[in-house]
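As structure tokens, the structure follows; a few thoughts come after it.
Labels run A, B, C, D and E following the written order; every chain starts at residue 1.
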């Protein structure tokens, strides 16, 4: 690196990048599963759909609508006792994973739902006609038909998670966003702030590029 | 014969469009389809054919009335029983309803996977079907890369993949050229005779009905207006709607315009003869012609056969003396329905 | 007594986990010097000003070093905790600053003044404004007056409450006439020093004792043999230099007797 | 006559599916379509008909070769010129391609809005079209609430709404029953005669070709294998592919199976006669029968007419002495092509 | 209200609710327009699409991918000079609108894109065939066909904006999230914190309900 950044600065950015990647990947992994399942059920329980069930639909909606309005920062803090019981610690990058996972799950659920409602009813009817079970229809047909858009949505949430990790600094999660904030903004070291933002942009560019690339193969 | 499918007083009402009345798609429809039978369903566009077919597969529930397959009311089936039933029914959708995200191969393989076939068996069966429906080289194409008829053939292959014991075919050849249609018809007929498959065939192509079906019902505005043996309905449709649908195919109805044109083109007396078995068993026409010293020309019309029986109509121009012609017509009337014009 | 994190049999470094609120070069220096003193220090930085204390209570860290006694007293009181100061570190120079005015008297009627929004520092800002003669606070309100305790506000000053770390951004805001903030919170590029303050808190006054920042731990852990080593580390020349560099001389290093810190805390906790 | 549409050596290649070769959908196709002509395009499924049609509308670009409308190469058109051209072309899509988010009314009204019609004029025209295609009460339905044929009728109404001067119809009656098909054909024919509209009609229904088209081309695997007047191609298809497509419609080709069946059912000598104008102008058959003392029965076949000219085939069973029958056949050969079996 | 909350507390919550609604509605209004336009162009410039243009597509992607990774809190602060020039102040609810609008715009762009790629190519082809102009095709056909999913996506972003306003509190934006944080959490006043979260949940429930209700009419 140039004179602009000391070795320790570069180290710090490296560590923060690692923390960000760790928090984002782990929470994204779990949130994709939970969120897609939630989204699929939100969709499937709609009236007229394969698992139409008003009670369950309203219930799921309620859960999602109750978790989403809690400002992430408050969710993060409110969950510390839970994280502590679960992980033995409520601080550091690992501690941010539970709240990140919850926030991303409900996010994915909602975005996925918007992709699923666009699936051709004919494709669902054909799946019913071949005697597929509801869950198979949901995951193997509805999800499959919407795969292209779903991958774009997951990419969207992945990037949103990178943003959210900046807030995860509140619980000592560290990460690039937090470093940019404390170093750049609170310490007015704009050079490091810019460096971090460039790293973030590079990261997001790659993620989005990858997402677009994968999605392209599934967009019909 | 055992009954496989029975509809009893089936009524289906759809909610209407914004502000419009509810749509009565089917009204008190009762039908009985025997095991091993190929049952035709014809009717004008919007008559309720697709709705009826989808109800047999339990994809749509009747507003009232019952639908029974093998004696069991569909309304009483548990979900797993319904799925089991559906796996024994192959359905060709009018709009194909392919899975756009899957390749041709996968579209056809899905029902086989569901039926628990082994990987090798699936491979072999799919290859066979792709070959049969003429989609060589398209196995890994996605539906959007196919022509209309190619999509329809994928839909057919998918429906018959597991060798279901019932096939519901909704306009299964509507996007196919005559040759491909013939191939498909032969396939379905072979499946019917070899495996005793029961089929319900919705189509607007009378040719398909004539070549494939045993019996048929004619739907009009959600109601069954006529039911009978194919030959009977094709040769002597009773209800005006049936006559309208069948007539242009069998060329039994000559429009006023056609007649005018023909009258202008030909000098003789125009008559139309409804073809019957007895007319063809012996050379009635040429004998009568000789006998009454009348000449004739077949100016239009056609004779087809279904189940070995002929049906159709011939329009003749008769040349001869007035009373000879009258005698000829009178003689002909002993063997067939004749109208003069 | 059980050593924090357990001392290595071979008598090597004592691991020490400290909670703070912002990463800095200053921390690197503490880690470096601590090693010489026999400590293996790790910092975890929270942006939330509440979690370093809960993490301490829950035993997830051994100490924290981010808060002043006033803040600590509020925390202890509200949560029934017993976080106890170990030694003092610094006190920030807080003051009233304005881009538009040279004196507090010229702050006009109806002016907006930006202040921190957390209770301890909001109260602190009220005192500074009182010193500046801008408003008066009910003397009976104690160390933690709230907005309702303002008894006189002749100029109808509007207090704009901002997050602690955002108050300095209002300095250049045209809609704000002045800000109450720690001098070292400013962007160094602005070149603002304590000399620019319209009114500066007297760091050495007894009334400023609550604002001394401390290193603290749980009450049951004050006897840990690591603390003298840690205090030594903080007092080390290199650490002091690093701190002054980072704070640009706008924080005063204070060595306030620990007993007095604790009694101040006890008093404040009665408030 | 002026030429409206010309394709010169048009080749279209699609990228193949994963791992497969590129698809050559069209190969060196040259066609010329006159103003006011109804041009039929037939061919087996996958032959390239839809691709060709979509290229005339500029929706797909040729890989090589040129497509010109009114003498202008489409490749050279500016975007606004291309749009103007498209507004003068109505297209009925094989898969309907309706706008699912819009009502039937809106689907039909869109091209009118684009053409700048006034609100009242649009209202009147849409009402007229809905009435014509028989979708009363469906004006505010969404496409998903329609039957297959109803969707297709919306597609037709949309295509002809602005009274375009060119209509490209891709299997426009494939989902319609015979009666509705006749109505649509009459409408299109009327538009053609009244307004001189040029039409290109892709269909697999020979009936539609016979009743509607003036000339036609037959596509096979991306190549034009035959082009000619409808009557000529229907009555005497030259290329084997044409014969295959046309044959089953005109009943000109009797399969070996059919013949076997007929031979069993009838005692006499079987012959097939290709129908020609000269055969019908005078009562050739009955005169020859009388003359040679031969009796006959029309056992199958059909005679239709297109543009007033007859085409088709009759299969006769001949009864009589060997040499009489031979003499009859020889006499018949003077008027028509005859094959014995 | 009960004894639990003083009149001033209730007042404060009322003011904060108003601030939240103000920030969210104004920024949502602008972001919907900007975001949908961006999303439509992101879609239309894809290869094979009606305005296929690699340069513009890559450019738009770059803009979106550059704005999205900036942690919202940093964006908020980085924009203060701009807001200050624009509004005469960079603090208060109004000042939060610019950063909220930017963040929501790029968010909407991405989610909308995932809805648009699902539009039936046949519908687009039919629009081309009737001679519609590219922009008309984009807004009048592509957008129209995807309206149901798009409304769900907009609802999603609306709720995400409510979350973001909590962070906007850092620059004096006020709002419910900030109040919950500073008043409730930092003053250990859990009663008010819960009250605020209940208000937030009620708000989000209504918004989502409304979104679902409108979308239902456009889901095919």
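Throughout what follows, a contact is a pair of C-beta atoms (placed from the backbone, for glycine too) under 8 Å apart; a residue touches a chain by one contact, two chains touch by 3 or more.
These figures come from a predicted structure and were not determined experimentally.
K.L.:
Most contacts: which chain pair?
P.N.:
Per-pair contact counts point to B-D as the maximum.
K.L.:
Centroid of chain B to centroid of chain D, CA atoms only: how many Å?
P.N.:
Whole-Å distance between the two chain centres: 21.
K.L.:
Roughly how many whole angstrom separate the Cα centroids of chain C and chain D?
P.N.:
Computed from C-alpha means, the inter-chain centre distance equals 88 Å.
K.L.:
Give, as an integer number of Å, the spacing between the C-alpha centres of chain B and chain A.
P.N.:
Chain A and chain B have C-alpha centres separated by 53 Å.
K.L.:
Among all residues of chain E, which ones touch two or more of the remaining chains?
P.N.:
In chain E, 77, 121, 148, 185, 220 touch at least two other chains.
K.L.:
If a residue has to touch 2 or more other chains to count, which residues of chain B qualify?
P.N.:
95, 142, 144
K.L.:
Indicate the residues of chain C shared as contacts by at least two other chains.
P.N.:
Expected reply: 50, 165.
K.L.:
If we use the touch criterion from the header, which chain pairs count as touching?
P.N.:
A-B, A-C, A-E, B-D, C-E, D-E
K.L.:
Could you pull out which chain A residues touch chain C in their complex?
P.N.:
The contact residues of chain A facing chain C are 8, 12, 73, 76-77, 80, 84, 89-92, 169-172, 174, 178-179, 181-183, 185-188.
K.L.:
Using the touch definition up top, name the residues of chain B that touch chain D in the complex.
P.N.:
These residues of chain B touch chain D: 14, 16-21, 23, 42-46, 49-51, 94-95, 103, 134, 137-142, 145-150, 152-153, 170-171, 174-182, 204-207, 244-245, 248-249, 251, 261, 265-266, 268, 279-287, 289-290, 294-305, 308, 310, 312, 314, 317, 319.
K.L.:
Going by the contact rule at the top, pick out the chain C residues touching chain A in the complex.
P.N.:
Counting only chain C, the residues touching chain A are 19, 22-25, 28, 44-48, 50-51, 54-55, 58, 60-61, 165, 187-189, 246.
K.L.:
Where on chain A does chain B make contact in their complex?
P.N.:
Spelled out, the residues of chain A in touch with chain B are 120, 122-123, 125-134, 136, 141, 144-145, 147-148, 218, 220.
K.L.:
Show which residues of chain C lie in contact with chain E when the two form their complex.
P.N.:
So the residues of chain C touching chain E come out as 49-50, 78-79, 114, 117-119, 148, 160-163, 165-166, 169-170, 172-176.
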